[in-house]
Structures are given as C-alpha cells and as structure tokens.
Amino acid sequence: MKTQTATENNVIVIEKLCKHFGDHTVLQDFALSVKKEENVVVLGKSGSGKSVLIKCIIGLLKPDSGNIKVFGQNVPDMSHEVLDQVRARIGFLFQGNALYDSMTVRENLEFPLRRHWIAASQNEVEALVMEALENVGLAHTVDLMPEELSGGMLKRVALARTMILKPEVILYDEPTTGLDPVTAREIDKLILKLQDKYHTSSIIITHDMNCVKNTADRVALLLDGRCYAQGTYTDFEHSTDPNIHQFFE
Amino acid sequence: MAFTKNIKAFLNDTGDIAGFAGQFFSTGIKPRFEVLELLNQCYIIGYKSLPLIGLTGFIMGLVLTMQLRPSLVAYGVESQLPVMVGIAIVREIGPVITALIFAGKIASSIGAELGSMKVTEQIDAMEVSGTNPFKYLVATRTVATTLMLPVLTVLGDAIALFGAYIGVNIRSATSFYLFFIQVFRSLSFGDVLPAFFKTFFFGFAVGIVGCYKGYTSSKGTRGVGSSANSAVVLSSVVIFFIDLLAVQLTDLLGLN
Amino acid sequence: MANQTAGNIKLGAFVLSGLFVLILAFYLIGKNHNLFGSDFNIRVRFSNLNGLTVGNNVQFSGIQSGTVKKINMINDTTIEVTLSIDNKFTSYIHKNAVASIGTEGLMGNKIVNIVPSNLPSAQVTEDDLLIAQKKISTDEMLQTLSKTNNNVAVISEALKGTVLKVNGSTFMALLNDKNVSGNLLASLQNLNKASANAIKITNGIDDLIVGIKNGKGAAGVLLRDTIAAGNLQAAISSIRKASDNADSLTWQLNNLARTVNGHLNSGNGSLPMILKDSAFAKDLRATMYNLRQGTDGFNKNMEALKHNFLFRGYFKSQEKAQRKQQAVQSQ
C-alpha cells in the first residue's frame, strides 16, 4: 500500500498525472511504476479512466500535467520521431482489437513491421508474421480477412500483431472483455505464455477478476483518478476496504 | 439561443475543417510519403469510379443535347448544337456534375471508412504502430481525390461529348469528324483551362471534407452513418462555392 | 502483391487515357489557334476594328488559315493588326491581296478575311502590309438606310400634295363629266359618217363625169358642151378637196380621241396637263360644235345634190347595184 519509488529497474514511471475532459476530471495526481518483466493490473470500474491512462502512456492522449517516463524518457515531451521509436518498443492490445478490416491477417501483421522499417526483406517479414501467428496458434488464418474470424480468433490475431515487434512493454486494454469465459482463460494463458517467452513487462487494464487472478503480479486500483491501492491479488482478496471488496462480489 | 448555438457550431465546424486542411498542408504532404497507399487509393478512388462517371457523363451529354435542340431549332441555329453542347459540357456541366457524382460516391465512402476506423480504434492502432494516420489515411485519400477527379472529369467530358454526338444524331445526321471539329473550333484555352483547374479544387474539397467528417466521427454506427451523410452534403455545397469562386476569378482574370 | 500490380496497371491505363484525352484536347484547340507549327506574320492597318480581338480567326478565301496575333494602336485613326498565318498559305497569298474585317455567321465572332486580287503580284513575305478594305459595318448601313428613309418620307409627302391638287382640278372635273365625253364621242362618229358619205359622193361624181364625157344618155348630149363640162369639173374638184380636208380632219380627231382615251385610262402624260387648261376645254367644245354644224350643212348639200334632176338617175342605179349586192351577200 505504499508508493513505489523510481529505480533503475522500472520501465514505466508515472508521476502526478492529471487529465481532464472539459469539466470532468479523469486522472488526478495518478502515480504508478512498472518493473521489468512485471505484470501490473490496473483495476477500475467502467469510466474510471483506465483506458485514458494507457492512452496517455502510449502518447495517444496528451496529459494536462505530470510525467510519464517510459524507458527513462518523458512521453509528453517527446518529438514525433522519438515517440515513434519508443512506440516500437511498446505493444498495445486494443479493446476492440482494431484490426484493419480492409486488410488480410497477413497484411494486418505486416503493417507494423513496414511502418517501423524493422524487416528489410520479404522473407524476413514472412518469417516474423508466421512466427507471430504460430505463437497464438492461428497460422492457418494468414490469408483470411478479419471479418471471417471469430471473436476469440480476432483477439488472438490482435495479440499476435501486438507481439510481432517483440515489444518490451505491452499495454492490454481489457483483453478479455466481450469473450466467453473459456476463451477469456485461453487469452490469459496466452498472455502469460508470451510474457515468459519474450520477457515483457505489461500493464493490463481490466475489471475481470479472473483475468486479474491469472495474470497479475501486482494490482493497482484506480479510483477517482488516483491510485487508490496497490498490492498482490491475495492482498486485494483479503482486503476489507469496501472499494476493493466490491470487485469480488 | 438555439440559433446562436447553431451559428457557433457552424463556425466551429468551419474552423475545424480549415485547421484540418491546414494540417494537410503542414504535415500531410511532407515525407515520408505513403506512395503505395496513395497508388492504392488512386486505384480505388479513380479507376473504380470511372464506370459511374462514364455512365452519368454519357447520359448527361445525350440528354443535354436533346433538351437544347428545340430552343436552337426555334432560333434556326440547329447547326450550332455541337458548339452549344460542347461549351456547356466542357466549361460547366462536365466538371460540376462529375464532381457531384464523385462526391456522392467518394466522400461518403471516405467518411464511412474513416469513421468506422475511428470508432473501432483502427486509427489509434495505426498511430501506435508508428504510422502517422493523418499521412496514411487523410493525405493519401485527399491527394488521390485531388489528382483523380481532374482525370475523371476529362474522361467524363469526352464520354459526355460522345453522348452529345449520339444525341445530335438522333434527330439529324452529322459525321463524327464534323461534330468534333465544330466542338473544338468553338473551344479556346480560356474555356478548358479554368474548367480543368477547378476540378483539382473540387477533388481536394471532396477528399478533405470526406476525411474530416470520418476522422472526427463520433462513436457508434450512427456516428459513422451521419459522418458519411454529412460528408456528401458538405462536399457538394463546397463544390458549388468553389465553382462560384472559380467563375468570378476567371472573370476577374479576363479568361472568360 | 499480384493484385496490387494488376491494380497499378489499371490505374496507369486510367491516368494515361485521361492525360491522352487532355493533351489531345489541348492540341486540337491549340491547332485551331495556331499555337503549334510554323507560321509567319503579315500586317494590316484598319481605321476601325469593329470589335476584332486577339485570337480571332483569319480566313484566306474562306479557309481557316490563321489567327489575329497582335493589335497595335498606331494613331487615332490607324490600328495595325498583326496576323499569324500558317506557313502552307504563304505561296497562295500575294502582296496585293485585300484584307477586311467580317463576321462569322450572322452574329458570330469577328474574323479577318483575306481575299486574293485578280491581278498578278509577288508572294507575301514576313511582315508585309496588306491592303485593307473598308467593309461597311452594320452601323454604317443602318445610318445610310435612315437617311434614305428620310428622303423617301419627303418625296411621298410631295407626291401626296400633287395627287390632291390633280384631284381637285377642272380637268378631272371635265373628264369626270359624262356629258362632255359623250358629246365628244358622238361628234366623232358623225364626222366619220360624213366623210364616208363625202367619199361615196365624189366617187359617184367621177363615174358620172366619165359617162357624160362619153356622151351617154340625154344628159350626156346636153353636157357635151365643153364649157359646161369644164365648169362642172371644177365644181366637183372643189367638192373633192373639201371632202379630203374633212378626211384628214377626222383622222386627226380620231387620233386625238384615242390618245385622250388612253390617257384617261392611264391617267398620265402631257395631254391631261393640256386638258387641264379650262380655256382649251372651252375651245375644244366650240370646235366640236362647229364641226357638227359643218357636217350637218355638208349632209344637207349632198341631200340636195341627190334630188337634182341631173344626178337622180345615177343615184338610183347606184341604189339598185347596192341592193343587188346585199341580196347576193344575204344569200
């Protein structure tokens, strides 16, 4: 329950983050840090500003004030070029998958590779695409369009696309929302499997306690724009705080 | 109160579009260029629109000729029919009708496509993937519409003139050669060049309005639908305003 | 990737066809305005361009051959027009060709017409000055027409006065008087009859005298006396003279009547002017009267001669012969 201090081990350090939309305050003096190879789950109710938080981390939204240091550099101060370089080291799994529906699965996966100019030759690109798809067990869908896939498959393809650049940090925006419990557990396992394989740190935003239980090394509760509480899943499970307890009901 | 609110909303919208267009010039047309996507968009926007533009152009030329004939016969200048139709098509009707059809087809599709990409976070995903979505989506589409509409207009004019030739031949006979000699004899660069140049602006308007409406689409399927709809309406209105400006400008420059 | 290539090929074809049509259109228009190809300049000086502008067409003998390139004001009454003419017309245009400003169609654009002259001359060279023909513009035509109209108005006014005067004159009254014309006609008929009689009488007397000369009948014996015969002959010749005179008079009167008739029908000529004179009309009436008196007297004389015993026999035989002739004719 104490605020962590920034150390050299931290990949992400968030300090005094504030974000308003008009008169509505979403984040107020929010602070959080993520260590290397650590899974931090940010727990919060719908509309509590969880998505705003990770969009600020990736630079999609500009905070009103505060620092977001990723790999030691402050995101709000970055130029476009530096931001692009940092983004290449961060994966982002969108809530609605955000697969490009005018492209095939292969093109969807190639897109970030081409953008970041990582792979030069066609063969390298092909190898990376197939590796990413095999990681999520969907190598056979490579030439299908996103509309031909089921919800769970879409999520897995989206995960494959997020992983294809082998990012050091992955931000998951409600990875299990909208999926049946069985598929949700498969996604949980996949997240853990890929983390083991590529040694990534991650911030997982969710309100699904099963997902928290399966994936969290540490849990942070976002309430009223602040980091209300931090601890392990077990800490939270045994907490008597009504704000924490409500998630277990 | 509601009226001033509407005025404010209108001015806000206008300012936003102007800012959007400014962004196009400040960031959209700077390297790195999305050449492949531009070619792809040119193919979709230009080539795929040709059948529609050709069909409407042909019918337009045919109908215009048949509608003009009785008046010209009444004045005894039926032989001037190719001249009249040629000037009408090349100077005004060709560019404007083509641009309107183009707006109906392209502005709506851009508005809907970008709108749905916006609400499904595909635009965010693109940005996260290290791609400037403004360059990748807006700049390519706007450049494609700006470059393709003039080409479509030229081809549409040619097809419309062919339709006019058929129209002339319904009631009387003229040779293909004579028809085109007559049309081109009556035309001057002052007729063709302003009409040609204004189509670039028409194309730009269609692209930028379609992209703006899609890019700023509100959440939900309804937001996507309304952005597609308002893209068509707004771009059509803008086309007419540009046309008005163009005629005054050519008049000022003494090109008429 | 193959899909993308096919799309690019189609796009290329599409753009190229658009460019092709555009360039073709520009070329065709440019060709009409002589922008391409080699050409040469000739100059013409006009006093009034009537709205000719740069870019208007130039026709040589009705063939599109160039455009107006430049218009230069030289002084207040002279404007120099430079014409750009297609090189292939060089060999046909001669130095004495005449240029004029015309109109394409009825209300069309202004054009410069170059028309060759019949007389031989050298070919034009670069920057030659052609002769300009002043063409009557529509404005000038209308101005002339307006002047003519004014003249016509004046003339018709005068004509109207004349006609009114003629209508009110005595001559028209005379001509309109039925009695006068009726009398005139009757007099002429009488005159005719009288002269015919006179001819008949003289013929008869001639025959008689021949008979007498040959001593036929009692009268012949009686009249064999040469003195008596001589007297008789003199009397007869004076009768003939009188009848001759009467003849020529009737002929003249006949002519007069015919001309009067003709003029009455057509209503012009100098005669009506003469007849307008009322004094003359009075004279004419008197003459007619005298003429009638004269012929009446003559008729009386002849009647008396018929009853003279000397001639009774001759007249009877004449009547017989006439009756016989009539009988033969009627059969």
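Letters A, B and C mark the chains in the order given here, with residues in each chain numbered from 1 onward.
Heads up, the rule we're going with is that a residue touches a chain if its C-beta (ideal position, glycine included) is under 8 Å from a C-beta of that chain, and two chains touch if they have at least 3 such contacts.
Keep in mind that what you see is a predicted model, and the values were worked out from it rather than measured.
Trainee: Thinking of each chain as a vertex joined to the chains it touches, would you call that graph a line, ring, star, complete, or other?
Mentor: line
Trainee: Whose C-alpha centre lies nearest the centre of all protein C-alpha atoms?
Mentor: The chain sitting closest to the overall C-alpha centre is B.
Trainee: Indicate the whole-number Å distance between the mean C-alpha point of subunit A and the mean C-alpha point of subunit C.
Mentor: About 114 Å separates the centre of subunit A from that of subunit C.
Trainee: State, to the nearest whole Å, the distance from the C-alpha centre of subunit B to the C-alpha centre of subunit C.
Mentor: Comparing mean C-alpha positions, subunit C is 72 Å from subunit B.
Trainee: Take the average of all CA coordinates in subunit A, do the same for subunit B, and state the distance between these two points in whole angstrom.
Mentor: The separation of the two C-alpha centroids amounts to 43 Å.
Trainee: Quick check on the complex: what are the subunit B residues that touch subunit C?
Mentor: Residues of subunit B touching subunit C: 36, 39-40, 42-43, 46-47, 50, 150-152, 154-155, 157-158, 180, 184-185, 187-189, 192, 196.
Trainee: In the complex formed with subunit B, which residues of subunit A make contact?
Mentor: 55, 58, 60, 80, 84, 87-88, 90, 92, 94-102, 111-112, 115-116
Trainee: Using the touch definition from the top, list the residues of subunit B that touch subunit A in their complex.
Mentor: Contacts found on subunit B: 113, 116-117, 120-122, 124-132.
Trainee: Name, in rising order, each residue of subunit C that touches subunit B in their complex.
Mentor: 4, 7-8, 10-11, 14-15, 17-19, 21-22, 25-26, 28-30, 32-33, 55
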